[in-house]
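Paired with chain B in one complex and with chain C in the other, chain A is shared by the two complexes that follow.
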Partner chain A sequence: MPLNEIYNIVYESIDQFNEINERNLEKSPDTVLFGAGGHLESIELVTLIIEIEDNIDDQLDHCISIVSEKAMSQSVSPFQTIETLVNYIQLIITEGDN
Partner chain B sequence: MAIEFLLKVMQENKHRTAIVWHDKNYNYQWLLDTTEKMKQGIIDSGVKQGDVVAVEADFSPTAVAALLALIQLKCVFVPLTSAVKEKAQEFIEVGQCEWLAKISATDQIEFPIKLNNTANHPHYQHLRKTEHPGLVLFSSGSTGKSKAAVHDLIGILEKFKVTRNRVTAVTFLLYDHIGGLNTLLYLLSNGGTIVTVPDRSPDAVLSSIDKYQVALLPTSPTFINLVLISEAYKRYDLSTLKTVTYGTEPMPESTLKRFNKLFPEIRLQQTYGLSEIGILRSKSKNSHSLWVKLGGEGFKTRVVDNIFQIKAQSAMLGYLNAPNPFTKDGWFITGDLVEQEGDYFKIIGRKSEIINVGGEKVHPVEIESTLQKLDNIAEVTVYPEANMITGQMVCVKVRLKQEEDKKLFKIRLKKYCKQHLQSYKRPVRIKIDKNQQFSERFKKVRA
Partner chain C sequence: MIILITGSSRGIGRYLAEHYLSQGHIVFGCSRSTINNYHKNYSHTPLDVADEKAVKKLFSSIRKKHHKLDVLINNAGIASMNHLLLTPVKTLEKIMQTNFTGTFLFCREAAKLMKKANTGRIVNFTTVAKPLNLEGEAIYAASKAAVESLTKISAKEFAPLGITVNAIGPTPIDTDLIKNVPEMKMQQLIAKQAIAKKGSFEDVSNVIDFYIKPQSQFITGQILYLGGI
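Right after this comes the complex of A and B.
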């Protein structure tokens, strides 16, 4: 799965998230999501992730679960920035395909 | 005799209609005569005092007569309806039923046949020793295995000795449900009329109300919502309907408001009862209020850690298949969260159904009540899903009235939630599902 496709879906999800929640989360790989300097509260992070999961399911026909034991035990948290999140999504989609 | 008072009332009202079934009226004389025939038939089958008899039936003239006959014979009555058909065998075994009688869809009785069970549970032994008739009711088991509650029927019948209003009511709740039996005994003990329904769809129920000038409808909030969304009320004359009682699950405030707006003349009365305890006397503050006085003679109530507790004179003897749930001093912990203001209680929901989002508590009924106000929603059920970031998250399953673009609907719902709910209460996962969201008892099924 090419990274740019996942970026597109994540950015589209951020657009939806921003519109509904009247937020202005920047669509950039470096945007810090959660943790030190993060822009999201825990419940907002969950909301955005489920939005992304739904969009991946709708558009790529991949049913994935981003928040899991595996995600929590990565050496770099997938929820740190948009880039780490996109990389992690690519990882689990690829693993799912194999 | 256990039901002497009941037979006396029936005798006094012998020319009145006791039951309406399939558009035919059966008067109290018919019911008295048939009860006698049932008694003889049951004795001839070999059933003896103290035996445990399962009866597969729905509300029908013969089913009512069979119940009265078994009470007089001091047997233990175990009602089973089609709502539990998948579990019937399990219930017969758990109930140690020694006999099985069936009442067909055409109201013909198949007299009890002997089963291979021995009813030796201490609660049954107690009933035999005291020579009292018994009753076994199964809890819904929505959160696990169904529990079999054994009652002494003498205790349950006691409160019906007080004469109250004679009314015509629909038996909406089922024959094997504490609420259904309560309605039945209330009607019989006051010479009222039982209107049975061919099915429990809004149209079938409302058309019976229209046709037989029914004054009382005991039902559930789920059914009230179905009446509202089906608009069945537009097709029938409901002017005789004076009171609608609702229980079995918490009422969403929005459903209450919509009903009141449409039917300002109908009194809405909340009821409260449990298979283990029976039905408490209740009085809603008014039709617009979810606050209700609960108790009445034979019941004491208290609130401990926000959970409603009841001490009842006529509580069950105990379960057949579970430990004694009562506290040492005899209180039953209902598991229902309540608020209290003076004499009034407000039922918030089951403690076990609270959703914990990062330490914040969310009551599904509150969210459902808010969402129900959104356009195009027929039914809505809120449920939790585990999540490693916030522990649990709020999810919702929606049945739409009319087809709508899934994506646009989700955005519409989320925007609405943003306006009306705090962030932790907003549903994160939204599923659209075409299936009905309630059980055969018209109670919401939480996924």
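Right after this comes the complex of A and C.
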């Protein structure tokens, strides 16, 4: 799965997230999502993750769970930045272990 | 409304499916077994309620078709009566998987879908065996105690999302769940209720109707036992 395709879906999800929540989360790989310096509260992260999971399901026909034990055990949290999130999504889609 | 009922192939689940279909609602059901589709507004999915992938696929299909879910009724459940000393770990695992893991998975996935509309109703199933601490039902009652805690805490976590979470605790009702319980045991149990009789399917749907009606948007985190426990 090409990374740019996943970036497109994540950015589309951020557009939806920004619109629904009247936020202005920047669409950049370096945007810090969650944790130190993060732009999202936990409930906002959940909202964004749900949007991304649904868009991946709709566009790529992959029914994935981004939040999992695997996600929690990564040395770098998938939820740190948009880049780490996209890389993690590519990993779980490629491994097909969801 | 779009209503999802687990364990809908027989017993209380089947009754509830027919009850809400007769009111013009769209009902999605699931159970381990495959059943013939008996109504144009009913869709059945054979699955194990504790199978995360299968559960996610079911919710995916509901979302793609209707973009929403109004009500989840977590009815699927299994029981096993046995003295603790005679209870295999496998039995415990099976009961916890169906009664607790299944309820958890459906609550989680339903809330994701309901969150989008900022409204939703979740109804879980507990049992009078839990408050009565019935001998021989340690594992079953413990699994339902877990469901009760899940109900009360998820009610708090989901409240900001516009979702209510409540539970009903039926008395014994003539279904497959209690068919192997000796009649004498059953009478002893029923005698502990304020109203000493078995419940009916209608008693259950009456409580669920109350939980899911629009006016009940301020009712959440409640456990309602039938029969006066």
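Throughout what follows, the second predicted complex is superposed on the first by the 96 of 98 C-alpha atoms of A that agree within 3 Å, B and C clash if a C-alpha of one lies under 4 Å from a C-alpha of the other, contacts with A are read in each partner's own complex, and residues count from 1 in each chain.
We take it that a residue touches a chain if its C-beta (ideal position, glycine included) is under 8 Å from a C-beta of that chain, and two chains touch if they have at least 3 such contacts.
Every value quoted in this text rests on a predicted model; they were computed, and no experiment measured them.
Superposed on chain A, are chain B and chain C clashing or fitting side by side?
clash
If you stack the two complexes on chain A, which partner ends up touching A:Glu22: first (chain B), second (chain C), both, or neither?
A:Glu22 sits against chain B, while chain C stays out of touch.
Would you mind checking which one, chain B or chain C, touches more residues on chain A?
B
Where does A:Ile43 make contact in the superposed view: on chain B (first), on chain C (second), on both, or on neither?
After superposing on A, A:Ile43 lies in contact with both chain B and chain C.
Touching A:Leu3, do we find chain B (first), chain C (second), both, or neither?
Once the two structures are laid over each other on A, A:Leu3 reaches no partner at all.
Is A:Asp57 contacted by the first partner chain B, the second partner chain C, both or neither?
A:Asp57 contacts chain C only, not chain B.
First (chain B), second (chain C), both or neither: which does A:Val76 touch?
It touches nothing on chain B or chain C.
Both chain B and chain C touch chain A; at which residues?
43, 47, 50, 54, 58
Can you check the complex and tell me which residues of chain A touch chain B?
16, 19-22, 41-47, 50, 54, 58, 67-69, 71-72, 79
So in the complex, which bits of chain A are touching chain C?
43, 47, 50, 53-54, 57-58, 63, 65, 98
Taking the complex as given, what residues does chain C use to touch chain A?
It comes out as residues 52-53, 56-57, 60, 63-64, 112, 115-116, 160.
Considering the complex alone, what residue numbers of chain B touch chain A?
Per the stated touch rule, the residues are 357-358, 387-390, 393, 407, 410-411, 414-415, 418, 423-424, 426, 428-429.
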